[in-house]
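Chain lettering (A, B, C and D) follows the sequence in which the chains are written, and residue indices restart at 1 in each chain.
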Amino acid sequence: MSERVRMGMVGGAEGAFIGAIHRMAAALDGGIELVAGCFSSDPSRGRATAAKLGLPADRSYASYRDLVLGEAARPAGERMEFVSVVTPNDLHLPVAIEALQGGFHVLSDKPAARSLEEALSLRASVEQSGLVYGLTHTYAAYPMVRQAREMVLDGELGAVRRVTVSYPQGWLASAADTGGSKQASWRTDPARSGESGCFGDIGTHAHNLVEYVTGSRITEVCADLRSLVEGRLLDDDGAALFKLENSARGTLTASQVCAGEGNNLNISIYCEKGALLWQQEDPNRLQVRRRGRPLETYQAGTDCAYLAEGARALCRTPVGHPEGYIEAFANIYRDFAARVLAHREGSLAAASDIEAGVRGMAFVRAAIESSRNHSSWVSLRPLWEEPATQ
Amino acid sequence: MSERVRMGMVGGAEGAFIGAIHRMAAALDGGIELVAGCFSSDPSRGRATAAKLGLPADRSYASYRDLVLGEAARPAGERMEFVSVVTPNDLHLPVAIEALQGGFHVLSDKPAARSLEEALSLRASVEQSGLVYGLTHTYAAYPMVRQAREMVLDGELGAVRRVTVSYPQGWLASAADTGGSKQASWRTDPARSGESGCFGDIGTHAHNLVEYVTGSRITEVCADLRSLVEGRLLDDDGAALFKLENSARGTLTASQVCAGEGNNLNISIYCEKGALLWQQEDPNRLQVRRRGRPLETYQAGTDCAYLAEGARALCRTPVGHPEGYIEAFANIYRDFAARVLAHREGSLAAASDIEAGVRGMAFVRAAIESSRNHSSWVSLRPLWEEPATQ
Amino acid sequence: MSERVRMGMVGGAEGAFIGAIHRMAAALDGGIELVAGCFSSDPSRGRATAAKLGLPADRSYASYRDLVLGEAARPAGERMEFVSVVTPNDLHLPVAIEALQGGFHVLSDKPAARSLEEALSLRASVEQSGLVYGLTHTYAAYPMVRQAREMVLDGELGAVRRVTVSYPQGWLASAADTGGSKQASWRTDPARSGESGCFGDIGTHAHNLVEYVTGSRITEVCADLRSLVEGRLLDDDGAALFKLENSARGTLTASQVCAGEGNNLNISIYCEKGALLWQQEDPNRLQVRRRGRPLETYQAGTDCAYLAEGARALCRTPVGHPEGYIEAFANIYRDFAARVLAHREGSLAAASDIEAGVRGMAFVRAAIESSRNHSSWVSLRPLWEEPATQ
Amino acid sequence: MSERVRMGMVGGAEGAFIGAIHRMAAALDGGIELVAGCFSSDPSRGRATAAKLGLPADRSYASYRDLVLGEAARPAGERMEFVSVVTPNDLHLPVAIEALQGGFHVLSDKPAARSLEEALSLRASVEQSGLVYGLTHTYAAYPMVRQAREMVLDGELGAVRRVTVSYPQGWLASAADTGGSKQASWRTDPARSGESGCFGDIGTHAHNLVEYVTGSRITEVCADLRSLVEGRLLDDDGAALFKLENSARGTLTASQVCAGEGNNLNISIYCEKGALLWQQEDPNRLQVRRRGRPLETYQAGTDCAYLAEGARALCRTPVGHPEGYIEAFANIYRDFAARVLAHREGSLAAASDIEAGVRGMAFVRAAIESSRNHSSWVSLRPLWEEPATQ
């Protein structure tokens, strides 16, 4: 009867940035209903959040285990159908595995896990479960990123030759920042964040964006990472040369100590016959530079008939009515809900994002290894092909 | 117990652009629940929309009168609390009056009505009702527009001298467009749109933006309007010189026949010591040009401590995570819901937007009169001060 | 033998902004040689400038009359061929007439004169002389302005519907500015500047730009001018509605009290099928917005084969190597030198800019009249068609 | 008496792009006079160019040796004082040495030579001669690049942490381009261009820009170069990680096969407290992003009192009157002429650019070595400290 998909959430108590974003994204299009949650490891904080969100008290759980068990015990038409995981990285793996084992689909914040080994282990669980596993690589869900991908795959610009991707942020520019916020403190803590700081947190976004837009995988990396701010245990700044399977080359920079920058992810894809340039802070425009032609700016909009169908489908408003980060996030939720619905209908083809998650962690591992080894070239394929060692 | 405000909607069946935007805006922050509606004058279309939105069949009504009566008959803790009016202009007045008389607050799409007389009549009803009346002047709800307003009112740039506001759109550039879409057809029909086409539809946005940012009212106008596309009965293109009460002068251009433009509302406010420039298509940035200083770009973001508090409060994301049109719309819904909650609590101070609505219609009337009279200067104050003549 | 054209200059002593620009512009392409001058009304300042410029002492003259007489007395192959007039406005007419009567071509800074009457009188002299008269409307000489003109004339975008031109400057924002600089003091003095301040100084640039790009003349104007800064005798801020002969409408704003602005001349031309947008501060790009297409940015460059031939001919560098204000000025000098060479060869067809000069002064006069008469519409054609009344 | 400096030129016959630029740059400010030249290895082409430039026939020489000998034989107050070398790379060394040996100062197009060995050899000659040697690293002569340098050196933004420099061009994107133009053919010919194609041609610009702005030298490089277009003998695309002496890190990309790009040199310098961003295609603006502050845009202009004095001195026009590539080039000529005048006056302190030239070639050599050796890190210091091996 109802088309709505029922969601439970782990993490995201009041004050957590990304949890609120996930909830807005889930709510935006009306196709998802938040029905349960374990919003905090502190039960009273969790209950307060649940109350604020209008959830009945008995669907606010004290632990993610309780959430899975409690919801599994409810009638099929009422219980949650998927778990949205918005915790720090250290819980990505255990929550996802618990949920999958309980029969629930999983939509996880990135990165997939703290390490390559965890990601491989998660892959095994996902494959075994037959359930839908999604990863919120937000930036790939912008309409104009999709447009770029379609244009590359369509071949109209010829083969990709070079990719320049850069992701400078400034919010961890000084040691003082680390203590200042909850988000900063766990991100700089190896136990919670994983083996990498900056490369795990945003390098994986840049890596995913390159692979998404080019439709090609990064196979080798030559990296130079470091912990620039005194006292940091994890990398907060780094850069890499890389190779794509299609023989294109590129550079990737990711840094969280670039004082003055906000969230300046940007990518340039140079092809045989032209270039594509996109900046996350100006997301509704894609610059297309064709050889010997005026520069073109493709714009997002439901009425932009020249866009690829897949790109247009990600728009909600006509041209000139800007959409943003929350809408990109909502595109992920909308797509994930559709996959859950397809699964309900018996489709087994539902695409999983676990491979992208594993490749992301392989990229981080390779970058760390390369950096430790005088920036020697490290191959990624052997890493992501490795079977899980549980 | 719950803090959520309950909403009914009139208009906005599947396929209507603005209705869907209103629903996303209402849903975004989790503080409003859609509980009832009369989505179409065609009952079966209305029912289909209601079903799609997950509303129970008995809260989908065949007429706005039924909606008001039906909801009024429900228990206080369950019935809708306000009506969102997202119909073509001709229904703004009757729906609003019906709702107010039924004891419901009203949040109406702009313009307030089809004519100055209707707006004056609506003002009388609003005043009599003691209820909250809101008007969705979306653009004033962007954080950086709020920032501009605070900077002007704060006086740091000195007195306003000149305002240039321009609102070119291109979607009605040819006669063919009129028939092509539902939205175009009613907007070019005097019976449904009112006495003005372009100036009523978007000129009122420009007018409101000028008054909102400067905190000063437009008192005189010298206009040149026309119906450029053959066969049009209403203006589709025009410009005006204007005067503000504070002695500043300005120009306002509004056109829907500027082929190639999307929704390019933009405003420049020139003050004694500097200028403020804002473009709706790049909404998260406000350019500030101070005499003898580097150009500055203020950015939206919850973490931008240099912003005025009121502007920052309209942000949901940190700097570099773009928000857009839907979030601006959601700011209006959030603010309106707060006013409804305040009214629940007995506050009578809840600000109403009806004066802005009346002034908007006075502006349209004055522009038409001026244009018909060889662009002579026409005063607005006598128009908006006129008592309603019903 | 040599193809170089010999120039004399009146005005432009050390420290004068525009004189130095004229000299750089004349020198840039190697086709013009400065051979004589009367650089200042103060003979010793004039001599100092001449010496600095490497001119022999006997070609530095104490008055413009001496310049004309002295050069006329030299052998034909040696004497100057044209006079570049870079004085304040009050000398434009007498110097030009003296030069023409002495048989020398004239290239004058704009505006043509202090008033409509002076311009009409100058027109009579130019016509009588059969010599070349040029006016340095710099902005029309940018390659991308020429490109815009070619695209409008070529008709590919359909008829022009609306033009928005705006020219805000901030350098006269306060009373203190007036005394602060030589340039400011004469520009605000009716005896030297003429009947208008801002509209004569930069409104004429905006007027010329509109007519140049559209290939159509402004026939009616409805204006609102004022002297905003206390103590000013001439207008320093104003705006106007206008009509073009082809039935297009527009707005023109010109102000020198917009604190924070530099030299932000910008124009938007809306046509049936698309729009052209150009900003002087970003001169090498022309935005072209075609209906239903990606936005386009045409770029200046000798290698941009898609440009109109006339636009490309104004470029000196390949795409990506920016040219600027001095190069635009040099385009005027190059073109003027070509006209002088053509005249040498006996061509009588050499186009004169005097009509544009007269129309500019008619525009100023009409704007003043309109403004004094409650912004009534004033026709320009009767003004520029009027015979000179000497 | 006259302050003008007399210039001879080698290379730059009609049709050569860069020769004409050099001449415009030399002419712009009136301080340099072209008095002699050997414009082509083809004597008749050379003579034709000389005639066109208005040079007497006896100062158009058939070989650069003749130029040096012929001019040396003229009286001191008449003969050229310096040689501007605008030939393909293979002649940079021999012409410069000949000129120095003849007692003439040298202003050379970049790179200094074809190889590190040649550059070292040239350094020895320069040092021995005591004459002024200049290198036209154009981009360092833009006012806003100078401003960036001053801000970095002044320390207000704290230590440099990361530099991202990218220089994509598209004019050699296909094999067909190589044959298409004179400039392309010599640049892809090892005998004329030297050991590197792209890195020698534009990588050296990027290298110089990094060192100029940061005031720090690149000490190590880890590079990945290749010849992408089939049949090319020299690199046409590459990227590198690098380290600066002050411990900052960076990436440098240089490519001439990025179809769709013009001359998009751009640099970002991230410091402890803020960032500086500059794009050559928009040269009059420098973005300054300070932590927790609005973004700032510094603008070029003689009247921008907030600029560093050294930056302002490179401007010719007030803010809002764009300058460009030719003016940047002219800044080099103006500065070089001042050095020549200082030398005339007996100053021996005249700074030479030869060290920058040697470091540029060391950078190219190191990049090639690194690339051949699996992108291992290569130190530059041993290369540039090496004594010349004549």
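Just so it is clear, contacts are C-beta pairs under 8 Å (C-beta built on N, C-alpha and C of every residue); 3 or more make two chains touch, one makes a residue touch a chain.
Chain identities (UniProt): A, B, C, D = Gfo/Idh/MocA family protein.
Being a predicted model, the structure only gives us computed values, none of them experimental.
*Asks:* Check A-B against A-C and say which one is joined by more contacting C-beta pairs.
*Replies:* Higher contact count goes to A-B.
*Asks:* Counting a repeat as over half of the contact pairs in common, which of C-D, A-D or B-D repeats B-C?
*Replies:* Comparing each option in C-D, A-D or B-D with B-C, the repeat is A-D.
*Asks:* I'd like the Å distance between the centres of subunit A (Gfo/Idh/MocA family protein) and subunit D (Gfo/Idh/MocA family protein), where a centre is the mean of that chain's Cα atoms.
*Replies:* Each chain reduced to its C-alpha mean, subunit A (Gfo/Idh/MocA family protein) and subunit D (Gfo/Idh/MocA family protein) end up 43 Å apart.
*Asks:* Taking each chain's centre as the mean of its CA atoms, how far is subunit A (Gfo/Idh/MocA family protein) from subunit C (Gfo/Idh/MocA family protein) in angstrom?
*Replies:* Computed value for the inter-centroid distance: 56 Å.
*Asks:* So, what's the distance in Å between the C-alpha centres of subunit B (Gfo/Idh/MocA family protein) and subunit A (Gfo/Idh/MocA family protein)?
*Replies:* 36
*Asks:* In subunit C (Gfo/Idh/MocA family protein), what residues contact two or more other chains?
*Replies:* Touching at least two other chains: 261, 288, 299.
*Asks:* Going by the contact rule at the top, pick out the subunit D (Gfo/Idh/MocA family protein) residues touching subunit A (Gfo/Idh/MocA family protein) in the complex.
*Replies:* 158, 161-162, 164, 166, 168, 170, 173-174, 222, 224, 226, 228, 237, 239-241, 249-251, 253, 255, 257-261, 268, 270-275, 288-291, 374-377
*Asks:* Which subunit B (Gfo/Idh/MocA family protein) residues qualify as touching subunit A (Gfo/Idh/MocA family protein) in the complex?
*Replies:* 2-4, 17, 20-21, 23-24, 27-30, 52-54, 169, 171, 261-264, 280-284, 299, 301, 303, 316-327
*Asks:* If we count contacts the way the header does, which residues on subunit B (Gfo/Idh/MocA family protein) are in touch with subunit D (Gfo/Idh/MocA family protein) in the complex?
*Replies:* Interface residues on the subunit B (Gfo/Idh/MocA family protein) side: 288, 292-299, 304-306.
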